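There are structures below to look over.
Same chain, two partners: subunit A is paired with subunit B first, then with subunit C.
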Partner chain A sequence: MPRPRVAFFSFTSCEGCQLTVLEQETKLLELLEVVEIVRFREAIDRREDRFDVAFVEGSISTPEEEDRVRWIRNQAGLVVAIGACATLGGVNAIREDRDHLDVQGRVYGEKGEWYPAHQVKTVAEVVSIDFELHGCPMAGAEFLDLVSCLITGRKFRQKGTSVCVECVLRGTVCQLWKGRPCLGPISRGGCQAVCPSQGGSCIGCRGLATEANLPALADQLESEGLGDGVTERMLELFNRKEFAAREGGQGDGKGDPA
Partner chain B sequence: MVMLSRVRLAAFIDALRRHGEVVAPRPVLDPQASGEYRRYEELRSGELPELAPGKPALLPASHLFLPPRETMLSYELESGRFTEVLDREPRVVIGVPPCEAHALALLDQALSQGVPDRHYRARRENATVVSLACAEPCWEQCFCRQMGTHRATDGFDLLLTPIDAERFTVETNTEKGDALTAELSGVFAPALDADRAALDSWNVRCDAAFGPSESWSADPRALVEDGADDPVWSTEAERCLSCGACVLLCPTCTCFDMVESVPLPCSAGTRERCRDGCMIPGFSAVAHGADFRSDRAERLRHRTRRKFAYQPERYGGGSYCVGCGRCHAHCPVDIGPIGLLKELEKDREEAR
Partner chain C sequence: MSRRDLHVDVHHITRVEGHGNLVIDVDKGELKKCELQIVESPRYFEVLLEGRPYTEVHHIAGRICGICSIGHTLSSIQATERAFGIEATEQTLLLRRLLHYGEMIQSHALHAFFLVLPDLFNADSVIPLAADSPDLVQRALRIKRFANDLCAVLAGRHIHPISPVVGGWTSLPDPAALEDLARRLDEEIRDDLTVAVDALAGLPLPALDRPTENVALVNGDRYPLLSGEIGSSIDPPIVPADYLDKIEEKVNPHSSAKHCEGGHGPFMVGALSRWNLNGDKLRPEALAVAESLALPRPCDDPYRITHAQIVEAVDMAYDSGVILARILDEGLVPETVRVEPRAGRGVGAVEVPRGLLIHDYTYGDDGRVEKANCIIPTGMNLANIEADLRAAVPRLLDLSEKRIEHELQMLVRAYDPCISCSTHLLNVVFE
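On to the complex of A and B.
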């Protein structure tokens, strides 16, 4: 059986998710046993237009990028959005709350108007996608598991449970006990709680958990004196789009079991 | 009963090492957390266990026997051949508080009935548990006195009680404990009548330090059975974040999910058992996407009833809550069994 042809693409992003692939180091040889990489600008010169699986990193934030991702969708059998920029809009989406002309001026100075800021979209907002790998950057273990699932025909399972699930099972001292705000209870896990277990707070880079109860966490953090609106400010970093959608009437805190 | 002097502790630990790796609660090296927290970890060479009062370990001793993630079997994809994986590594766990020893006794009962849990049994049968008596409540969230677990009565092989600054009494509870006591006769000293009297009065002081057992008038089982329609389930569920900490840290929770792990290049794999729990969204989801307990209030009620009514009914005996308080302490929004039971009791009084 021929190995599936795999291509990596980057849009508005830091390309850290592609680096995560390279960081798999010894497992890269095993990866090459099961797939053929035909496009991966961080690692190889090869640049082919025919591929079975496209891993797409970054948010779609210009009309040109929209055209390019549509072309990828047409070429590929499967499209996988990788990383927070591709799945949530990522930090790029922060500008959505601000006046675009101001943003352009902040970045490009007097010539700001030469560089129009467009609406930031997730990959799924432009084309249909088959899988998402969450995180900033995506988790290398999940990437390898998805490849394994595609090769063996297993169902790729991702849970929408909170970061706390993995955090408490690592025997981590809870950030909230240390008086630090943490989005772990409402954020999607799968990262093995890499930040809280190393002494950092969860900043929600994998999006919201299935049943994220935003109002309850906000009330609790405020009642513990961790600051007014701290949850909202932390959520803005990665979850601006999702948060805005919930603010717009869906945020009843009851959760959506779907 | 025999006596162990603290000056013989090193000899005691050395002797225990002959029975497997020695695991004890060790301080967490977290610069932000100032050594207040502990984890069960293997003692380093020459290291002695603290055997001192303190907050309970972040994860209970039962997680050593039902780890967060464990391999059940390994297989080859092409041939379909598979092998059961059993962890028979001998271990000695020392410094287990009475509430956690009670939890082990409950798990021994639950996981031996019907189809016994071979993976749990393999670890458990190859382990020696040395409990350490608690002189007083270890943190504000603990309510072991109300659950009747503040004194070790089961789930351990040896029990150490620090009757004075220099010495522990050593009581045995199993044949394994008897054999160990006989084997280590050179390390222990015989107990005198005065030592037995000292232990009796230590236990009286212990009971007094834990205070009265009656925090609520009714028994928890009756409260949760009668309180099926109580509004407390939905009012507390509104605050619940569904984070799952409560069920994942519980020393008597055993629920799990099965995960296939097939690392590249996909020629072989393992079937893994991963901790899951009834408070976690999706746990009760079944084929076709139906979820028979998708409502948080129903999940909270189910978990509480499981601890105080369903399990006692199924296995006979008392609550499947040992009062360690981990679920309450770890709950980001401060929901705990005591608060729930008190609320149920209050509503029942008002209804009268």
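On to the complex of A and C.
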């Protein structure tokens, strides 16, 4: 069987998800035995125009990027959105409600018009996608699992349950018990609760869990004196778009891949 | 000099972080246009930081860049601590230094062995090298793996670290994991570095001699990385908070990253500048490597940045061993530092893999950012890279077009530019 031809592309992002691929050091050489990397600007010169699988990192935040991602969709068999910028808008979308002229002027002064700010979009808002890998950055183990599924035909399943479930499984002391605000109860798991396990709060980089009950968490945090609106404020970090959609009662429309 | 015409248009330089184009126009031997165009989409980070509470600021700031997220996180935390008047404890500073070593070693190894080495073997990537020189590639991977693991043990992961926060750490590393790192350093990594250095020492680099101003942190700790004043090869040092007296940012039509100039035109930051200003403070093992790579000091050749990075990586690997031994011997104690927000400005200045990085925040008394500014190493280097390109082109005109393009790409790549970072520049105007 020929190896699938795989390409990597990055849009508005920190390129940390592509770097996550390069950081699979011990698996990298094995990976190269099962896939053929035909485009990966950060690491190789080769640049081909047809590929079976395109991994797309980053938000789509300019008209040029929209054109480029449409071209990628056209050339690719499967399109996989990788990381929070691509799947949720991520930190790029924190500025979602700011006036675009104000945003560009704040950064580039009177030359702001040279760098016009546009609406930040997820990959799925511009083209159809086949899979999403969540997280900021995406989890290396999930990336390898998806590659393995694509090669073997096994069905790729993702967690729809919350980060809380993984904290319990790991025996991690609950952040809420320690009196710290945490988005674990409403955030999609699959990260092995890596932030709470390091003593940090979940900041929701993988999006909302299937059964997320926002009002319940907001009420609990407020009743424990952790601040009015702290849930909403924390959700702004990665989930501004999805949160706004739920507030508007539209849902995210994507459903759960599992 | 050749009277030829030349047009180079490299759309998206490969093996660099982010999107940059190289455009060179030569008309009858005369250089008409020489631009490193930065076409990465702007991300407007200062707007993202405005209004955010200090507990979130380093999480957002770290996401400016995946490769140097620890450097951004530490610079961000330093800026906030200085704004609030917080003194980090000795243990916190020691652990931050060790964490920083992990990122520096990982980033330098990525650049030297995965982005630059293919050029020296005339390969298009590290993939063919893995077949031709499996031992070297395996060792390089092991060095990178070690550095990543060091970050993961201390901070939960390398890309977007979790446990370093304003005031200290949310968790302390597991002693057994530290012991394992110390063992791997002793048993494998030192040998791996020796073999990798020997391989690099035998591979000639192109050469360019163009003296420029070097800027890096000076004074402070042993080899200044996380403290000190902003030093220069020309001017006396200044305190970090006065950086705007030294560094002028300019908006440039062909670049979404701002260019920087000092008082003497373009200047250089990064491993070679650190080597030039502070090389005498390195460990003897690192100085021996500099000798085997025949790296002079001072050195005015930007192609040698890669060698300076390797010298630093060796220094940091050996110093990691010293810090690990000390921690394992003395143990770590949980510490609580009270963080009380107050209104004011704080400037963080740290040396990250590609050079000096500045985060400058003004907080309100509610602990939320009112104003933010970041000066990124690649942004500081862009004007200097273009000056190098202008100096290099006339000397290359007798070569084939393909060779010229190759050498100029190598010159850009030598700086290890981080283009995603450099387009996340923040606002220029300070009242």
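Throughout what follows, the second predicted complex is superposed on the first by the 249 of 258 C-alpha atoms of A that agree within 3 Å, B and C clash if a C-alpha of one lies under 4 Å from a C-alpha of the other, contacts with A are read in each partner's own complex, and residues count from 1 in each chain.
The definition used in the following text is that contacts are C-beta pairs under 8 Å (C-beta built on N, C-alpha and C of every residue); 3 or more make two chains touch, one makes a residue touch a chain.
As the structure is a computational prediction, the values presented were derived from the model and not from experiment.
Novice: Taking subunit A as the common reference for superposition, should the pair subunit B and subunit C be classed as clashing or as fitting?
Specialist: Here the two partners, once superposed via subunit A, fit next to each other without clashing.
Novice: In the overlaid three-chain picture, which partner chain does A:211 touch, first (subunit B) or second (subunit C), both, or neither?
Specialist: first
Novice: Per the overlay, which chain contacts more subunit A residues, subunit B or subunit C?
Specialist: C
Novice: If you stack the two complexes on chain A, which partner ends up touching A:199: first (subunit B), second (subunit C), both, or neither?
Specialist: So A:199 meets both subunit B and subunit C here.
Novice: Output check: A:70 vs subunit B and subunit C. Expected answer is one of first, second, both, neither. What do you get?
Specialist: neither
Novice: Between subunit B (first) and subunit C (second), which, if any, makes contact with A:34: first, second, both or neither?
Specialist: After superposition on chain A, A:34 lies in contact with subunit B alone.
Novice: I want to verify one number. Taking the Cα centroids, what angle sits at subunit A between subunit B and subunit C, in steps of 10 degrees?
Specialist: The angle comes out at 110 degrees.
Novice: In the overlaid three-chain picture, which partner chain does A:144 touch, first (subunit B) or second (subunit C), both, or neither?
Specialist: The first partner, subunit B, only.
Novice: Per the contact definition in the header, classify A:157: touching subunit B only (first), subunit C only (second), both, or neither.
Specialist: A:157 sits against subunit B, while subunit C stays out of touch.
Novice: Is A:3 contacted by the first partner subunit B, the second partner subunit C, both or neither?
Specialist: neither
Novice: Does the superposition put A:169 against subunit B (first), subunit C (second), both, or neither?
Specialist: First partner only, subunit B.
Novice: Working from the superposed arrangement, determine the closest approach of subunit B to subunit C, counting only CA atoms, in whole Å.
Specialist: 5
Novice: Both subunit B and subunit C touch subunit A; at which residues?
Specialist: 199.
Novice: Under the stated contact criterion, what part of subunit A meets subunit B in this complex?
Specialist: Within the complex, subunit A touches subunit B at residues 27, 30-31, 33-34, 144-145, 147-148, 151-152, 154, 157, 159-162, 164-165, 168-174, 176-178, 184-186, 199, 209-213, 216-217, 219-220, 253-255, 257-258.
Novice: Which residues of subunit B touch subunit A in their complex?
Specialist: Contact set of subunit B toward subunit A: 28, 30-33, 37, 39, 57-59, 68-69, 77, 238-245, 248-249, 259-266, 275, 280-282, 285, 289, 291, 294, 296, 330, 332-334.
Novice: Touching residues of subunit C toward subunit A in the complex: what are they?
Specialist: So the residues of subunit C in touch with subunit A come to 12, 14-19, 41-48, 50, 52-53, 56, 59-60, 63-67, 69, 110, 114-115, 118, 124-127, 130, 137, 141-142, 144-145, 148, 155-160, 162-163, 165, 169-171, 251, 253, 256, 258, 420, 425-429.
Novice: What part of subunit A is in contact with subunit C in the complex they form?
Specialist: These residues of subunit A touch subunit C: 10-20, 22-23, 25-26, 28-29, 32, 37, 40-47, 61-62, 65, 90-92, 94-95, 98, 102-104, 106-109, 111, 114-115, 117, 136-137, 194-195, 197-200, 203, 233-234, 237.
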